[in-house]
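Below is one structure, written out as structure tokens; the observations come after it.
As written, the chain order gives the labels A, B, C and D, with residue 1 at the start of each chain.
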Amino acid sequence: MAKSKFEYVKQFEAEDRCLPNCWIVVRIDGKSFHRFADTHHFVKPNDDRSLNLMTKAAQSVIEDFKDIVLAYGQSDEYSFVFRKHTNMHNRRGSKLMTNLVSLFSSSFVYHWPRYFHTQPLQYPPAFDARIVLYPSDQNLKDYLSWRQADCHINNLYNTCFWKLVQEKGMSPALSQERLKGTLSSDKNEMLYTEFDLNYNNLPEMHRKGSLLLRRKQKASEDMNNSMSSQLSFGSQDFQENCRVRTQTIVLHCDIISEKFWTENPEILNSKK
Amino acid sequence: MAKSKFEYVKQFEAEDRCLPNCWIVVRIDGKSFHRFADTHHFVKPNDDRSLNLMTKAAQSVIEDFKDIVLAYGQSDEYSFVFRKHTNMHNRRGSKLMTNLVSLFSSSFVYHWPRYFHTQPLQYPPAFDARIVLYPSDQNLKDYLSWRQADCHINNLYNTCFWKLVQEKGMSPALSQERLKGTLSSDKNEMLYTEFDLNYNNLPEMHRKGSLLLRRKQKASEDMNNSMSSQLSFGSQDFQENCRVRTQTIVLHCDIISEKFWTENPEILNSKK
Amino acid sequence: MAKSKFEYVKQFEAEDRCLPNCWIVVRIDGKSFHRFADTHHFVKPNDDRSLNLMTKAAQSVIEDFKDIVLAYGQSDEYSFVFRKHTNMHNRRGSKLMTNLVSLFSSSFVYHWPRYFHTQPLQYPPAFDARIVLYPSDQNLKDYLSWRQADCHINNLYNTCFWKLVQEKGMSPALSQERLKGTLSSDKNEMLYTEFDLNYNNLPEMHRKGSLLLRRKQKASEDMNNSMSSQLSFGSQDFQENCRVRTQTIVLHCDIISEKFWTENPEILNSKK
Amino acid sequence: MAKSKFEYVKQFEAEDRCLPNCWIVVRIDGKSFHRFADTHHFVKPNDDRSLNLMTKAAQSVIEDFKDIVLAYGQSDEYSFVFRKHTNMHNRRGSKLMTNLVSLFSSSFVYHWPRYFHTQPLQYPPAFDARIVLYPSDQNLKDYLSWRQADCHINNLYNTCFWKLVQEKGMSPALSQERLKGTLSSDKNEMLYTEFDLNYNNLPEMHRKGSLLLRRKQKASEDMNNSMSSQLSFGSQDFQENCRVRTQTIVLHCDIISEKFWTENPEILNSKK
């Protein structure tokens, strides 16, 4: 059988190497997640089971892709940031985004029972992924600020919307009408006066989203005590020198203000 | 919160629309599947549970991506062919391949228990995907021939290799040495004389791989009787006109010879 | 001096190989040619000196780029079609279009005096170029039809416009107003009744544009007699076998109707 | 005539927008310039007529492309650097490089007589162009250092080579053999001891290449006195405020050492 006769078709594959010296960001996004949320009776406006499952899947990705320095997630999306000089998969964009979204998706299904317990998964969900390059540190920070600002805006809106629907019995259409054109300050005021709710007291995970970071530490330290708003996951990544272990930590903090970057300078200066 | 201030980062996203009037092929491929096969005690040289699970996951993809006209799989890979004029996701390459590989991966995990029964999945697997454009029908046929020739060559080799290891007790290194430089005819001869095995009597699924096609038919017909080597899957896709249903059928036939294309002209002439 | 220290910057160059088995078309286009035409007192609506100079420059390109099978030009643009399987410059898009537009531009300036005689070139003109891939013969024919239809539409309009301005003394604004919304038939009628002009009697070069083809022939034949509307250029390309010479011929014929392609089948079937 | 029927072919054009926030470099390079130099009897190892004509053509480009902040040339190549945030041609790579190389080429031919006087141009020359993106200032500096290091290495080699050929009467092959494996220090030593030549006394234009910069100044100042190694070109670019004019200046200085960038901070900080 003449194999070689057909092999010319390999030449039709195009190269898609990412420009060097740029931050590589892969963002995954749930496909038709409105329907998925409805089918699986997600709690509104935020379903903690789903949010934690998303974060668990993101953690699987980070543990496998050693060159990811940070992940940020909210709602049905997660962004992954590779260190600037990664040479993983020779920086081929297709390889990076397809491998990543594949592992995220299979992890999401794999870990489903851990978060949804007896409620079965009705059908396999899908995510899409895109890859974006950011040349400067400021571009990268602005990208992450963009996603966190999006989280805030959507969460404030959704909190109001579902209060109107769930507690005032308004129809979705009426609630939407009521919120049309309101400013952030209007919505905060409404929550306070009409529902006796201080928005700032809502869980940080809902207001800020989730940030995954790697932390190297001596095995003797108890990492979990070192930062206030963090959740520690069990899986650890033991290194060649057993005294140092890398742990993925989860934060729900402000990443828009410069303070975060000043306090965590190693993220942008990450070496292999 | 100034959302707009950060939104400029969207401009860094690049367009990756596929050239019109070309066949779009997405091929997914298992990542580190040697290790995955070992961990899950795959039968050698072919594990039917895994092959059927791959085909089940491919079927999930085909049912969701209406513009896929054909899928071909073997070993830990599957190729999906979109109709030439598809406008799905506006022909954006990233969208197509990430959505597809994501659904394939989550389906693989979702349907695992159906094929591996009580044997649990040890960890979530990953696949990569690539997208390739083929301008002409001949290029597309040659692409599929390339994959089927690859299936044949690998299966013949693996059949010999594992016979030597499993039945003659040879070490992998020795078996490899024994097969080095042999022609197909040598391997066929070896199987026949040393193992009393006629290669052509081995299961077609192992020798030819699996081909998924859509078939529209009147509801009254019994599709399953119409082709010899096919497996029918339960899921069906009922159309607006309830008299016609689309069914995915699985074949294990020769797609290298022109005969297949002559007998199935509608594949290359597929309209929406 | 550490040369190697800096050489890493070469890695930032991206590959831009054209998809195989596609027609490669490079179209060049005059930049700011309205101003260029005004500065050099071009005759309106068509300046034969400029059109012939464009064709001369195109001919220089064809003589240097052996894999170009056809060129079509009108107004300040020229399209060049490479044979489908060209491997020139390894099919790198940047190389092909920059080399081509560079040679076209320098030829335009080089041959200027031959067509504009004592009228000096006031400043160096510029062209841009784009590269487009067409997978099928029909796509390529439609591309060329698109350009020739554009030629016809513009020339009919411009003929009317300048008749109104030059012979009726109307202002450009008024002429434009007069032609607004008119159909082709209206314009033909107007030329006939108001200016006693049968549009179809105007020069074919103005109505159809210019087509450059290569012709191989025995040295003894007189090519010039074989087709009616052709202009022969002096330069010839003698081949290894001196009995055969390749000549670039210029036609001003219809390339929209299938007839042209039936009569010239070798264009689409061109081999090296 | 159905124009619209054919217009679908426009959809085959691909977008090639350059990533924002990157330095855009276009480098043009002479095609087959060995032959061109031989045909036109270039002086070896450096022909000042050709070098100055290259610089004149580069100057034409800079005057037309207002967003170019710097050009660097040596031998038959020239690199053009656009300001980081240029939005010229919507950052479309094809447009930028084809327009630039076209103007460079036509200017080269246009200005030929000014530098080669009565020696006629034998045929129109061609250049190619490539576009490369550099995310950081350091990458850009390293790119320019790479080109200047290349200039130095080639010029030192060529100076030795042609001394051996022209003054010692050695054959090209023998000269090449003699220089094989020699270090820079060997070549400097050879020039000094065998040809009584101090390499550092050779013209800076040959050793350093040519750098084109824009300088804005008050009309009253005499720019030409302000820097030692500069050549002033006559053409000036008068701005809206007539008191300020932009002038292109030519330097032959070291751009590898940090000193140059410290003294000319406005190049990297250029605004529109």
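One rule holds for everything that comes next: a contact is a pair of C-beta atoms (placed from the backbone, for glycine too) under 8 Å apart; a residue touches a chain by one contact, two chains touch by 3 or more.
What you see is a predicted model, and the numbers here were worked out from it, not measured in a lab.
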For this session: Mind listing the chains that sit against chain A and also against chain C?
Result: B, D
Problem set entry | Farthest chain relative to chain A (centres taken as mean CA coordinates) | C
Problem set entry | Distance between chain centroids, defined by C-alpha means - chain A, chain B (Å) | 31
Exercise. Once you find the CA centre of chain A and the CA centre of chain D, what distance in Å lies between them?
Worked result: 47
Problem set entry | Per-residue multi-chain contacts in chain D, two or more chains | 12, 14, 19-21, 133-134, 139
For this session: Within their complex, state which residues of chain B touch chain C.
Result: 19-22, 133-136, 139
Exercise. Hey, which residues of chain A end up touching chain B in the complex?
Worked result: 1-3, 5-10, 12-14, 28, 31, 60, 64, 93-95, 97-99, 101-111, 121, 123-134, 139, 142-143, 145-146, 149-150, 152-153, 184, 256
Seminar exercise, completed: Within their complex, chain A touches chain C through residues 11-12, 14-15, 17, 19-21
